[in-house]
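The same subunit A turns up in both complexes below, where it pairs with subunit B and then with subunit C.
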Partner chain A sequence: GQEFQFGPCRVEGVVLQELWEAFQAMKDIVQAKDNITSVRLLRKEVLQNVSDTESCYLIRALLKFYLNTVFKNSLDKAADSRIRKSFSTLANNFFVIASKLQPSQEKEMFSISESARRRFLLFQRAFQQLDIQAAQTKAFGEVDILLTWMEKFYQ
Partner chain B sequence: DGVTVLPAPQNLSVQSTNMKHLLTWSPVTVPGEIIYYFVEYQGEYESLYMSHIWIPSSWCSPTEGPECDITDDITATVPYKLRVRATLGSQTSAWSTLQHPFNRNSTALTPPVMEVTKDGFHLVIKLEDLGPQFEFLVAYWRREPGAKEHVKVVRSRGIPVHLETMEPGAAYCVKVQTFVKAIRRHSPFSQAECVKVQGETLPL
Partner chain C sequence: MRTLLTILAAGSLAAHIAEDTSDLLQHVKFQSSNFENILTWDSGLDSAPDIVYSVEYKKYGEREWLAKEGCQRITRKSCNLTMETGNFMEFYYARVTALSAGGRSATKMTDRFSSLQHTTIKPPDVTCIPKVRSIQMIVHPTSTPIRAGDGHRLSLEDVFSDLFYRLELQVNHTYQMVNICASLVLPCLGNSFPCRLDLHCFK
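Presenting the complex of A and B:
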């Protein structure tokens, strides 16, 4: 069966196709609400040329941010039940992935984890420069960028 | 909320087989009246991060029968809380919540149904369509002492699959089990079925 392999971090029991289907079901609605087309949070500098080893640190930081900051207040505003259902699928599967990621905390990994942290901070600063609601909407709409990147580690 | 007059549904439980999940409860009865039920769910994320949020079930908000197919609602391998309430006009009951959250990794996996046939000298198998979550692990061997068991993973559903080109006069046997990616579990193997190139399907 397929699983995620973020460098040393392996995650089973998540079907990527289910995440895609959930996002596709709400993509038009969510992305239509994003009026700031000149800004991209998950830009090239955040996700490009990420080594396998670094990927575990980065995906963990990104998923925890989505769970704690992006998703947390989005569902309240999601009156449309299609969005609520899709949202629930994404949030619960992100929750499963994040809870299974155990990146190494050893000293020799410090430079790699630091590199991942710098990438994440690029994303977080871009997020914080926007009004919170606009930022949540944009980050929500960029889940397809995140899933596309995660797909490289799904085998 | 309307005035709570109706009794809340009781005896909620989930029967789950091959990743099909059915929530059932004891019906609320008012002579001469039709009772409607509303089913809602909450995944682990919602219950931890936003416990006030409940999501209406895809097919049962509302529903008449004392049961609800929640398969489309359970889309992650985490514990799900489920609740039901009854309504009659403006009257609504209190919510009844499933005693223990349901996780799809507890689903019962049964040996799959298979059809083993011969197409000339070709050993062919056809498997039931259990949905996209399922893969099939097909084991087949030539029925003779010391024969090697071959294994093939089949992802296509409901269409014949060629396993082997058989030798005249030899008997070949097949058994199959399912594998569910989302919960990383196998079913038991099915009973083996054997065919002989000239003979009929021979039960073991």
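Presenting the complex of A and C:
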């Protein structure tokens, strides 16, 4: 079957198509709530030209942020049962991927992990400059940007 | 008592100002096929004929709206934004402002648009060459308006590396006829595209 290969980090057992279908089911509703069209959290500087080795550090930081900050207490706001099901699919799969990622902590990897951390901080700072509700909605609506980037590492 | 009346008057005035302009402008959206991205909209049923429309667009994340040349103060209800939204990895917004002769106006914006996610794929062009004991089928690669860095136009095969074609032969023994259908199939590996596209059939 297919798996994610973020450099040395491999994640099996996740079907990317299911994540896409889960997001597509709620995309229009979530993106319509984001009326700040002049701000994009997952900008080019965050995701472009990420090396394979760096990708493991970056995806782990992003998924943990989504789980702990974006998805957190969003479930109870998802009144529509269809969205709740899609939301759970996304959150559960993000949890599975994040928990299987074990980036190397060796010293010689410090510069690479630092580069990934700087990218993540660009995303986090943009998030923190918005009102929390608007930021959660925007980050939620950008899951397709995240999935498109993750797809490059799905083989 | 006077305060109450003032509030009521102000309220009704406010309600009058925020009048309903849906008759001027509705359904502003992108229609995309083979990465040809057309912005379309409607006016209400009882809209006056003298409405003019102006189109702006921008990338998601940018502040400034850009006026689309050639679609300013037009009367038609569509505008080709293929070139302006040509990066299929990007996300865009467009908006239309309708202005009536009487000075009423309305502005409406599209949903977030990504041609990679939204475009529909047309069936391929096929040439059929009947031979004595066989039929030769030539499926022509479908070009798109998207240009690569060096300026050459990308084909659908360039954009979707895992795309393949399916040819179907439907033989009608009664009339001794063969119906050949060609379709273009995108395995649902990643994004949410339909897995199989329209058929292009001919006798």
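We take it that the second predicted complex is superposed on the first by the 155 of 155 C-alpha atoms of A that agree within 3 Å, B and C clash if a C-alpha of one lies under 4 Å from a C-alpha of the other, contacts with A are read in each partner's own complex, and residues count from 1 in each chain.
Throughout what follows, contacts are C-beta pairs under 8 Å (C-beta built on N, C-alpha and C of every residue); 3 or more make two chains touch, one makes a residue touch a chain.
Note that the coordinates shown come from a computational prediction; the quantities given were computed from them, not determined experimentally.
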Using the superposition on subunit A, decide if subunit B and subunit C clash or fit. fit
Examine A:144 and indicate which partner it touches, taking first as subunit B and second as subunit C; both and neither are also allowed. second
Quick one: is A:96 in contact with subunit B, with subunit C, with both, or with neither? Answer first, second, both or neither. first
After the superposition on A, what does A:17 contact: first (subunit B), second (subunit C), both or neither? both
Classify the contacts of A:132 with the two partner chains as first (subunit B alone), second (subunit C alone), both, or neither. neither
Touched partner set for A:71, first subunit B, second subunit C, both or neither: first
In the superposed arrangement, does A:121 touch subunit B (first), subunit C (second), both or neither? neither
After fitting on chain A, the minimum C-alpha spacing between subunit B and subunit C in angstrom comes out at 10
Following superposition on chain A, which residues of subunit A contact subunit B and also contact subunit C? 2, 17
For a test of understanding, state which residues of subunit A touch subunit B in their complex under the given definition. 1-2, 12-15, 17-18, 22, 67-68, 71-72, 75-76, 81, 84-85, 88-89, 91-96
Which stretch or stretches of subunit B touch subunit A in the complex? 41, 43-46, 48-50, 53, 55-56, 58, 73, 75-78, 105, 132-133, 135, 179, 181-184
Subunit A-facing residues of subunit C, complex: 58, 60-63, 89, 91, 93, 109, 111-112, 114, 116-117, 188-192
Would you tell me which residues of subunit A are touching subunit C in their complex? 2, 16-17, 20-21, 24, 28, 31-32, 34, 37-40, 43, 141, 144-145, 147-148, 151, 154
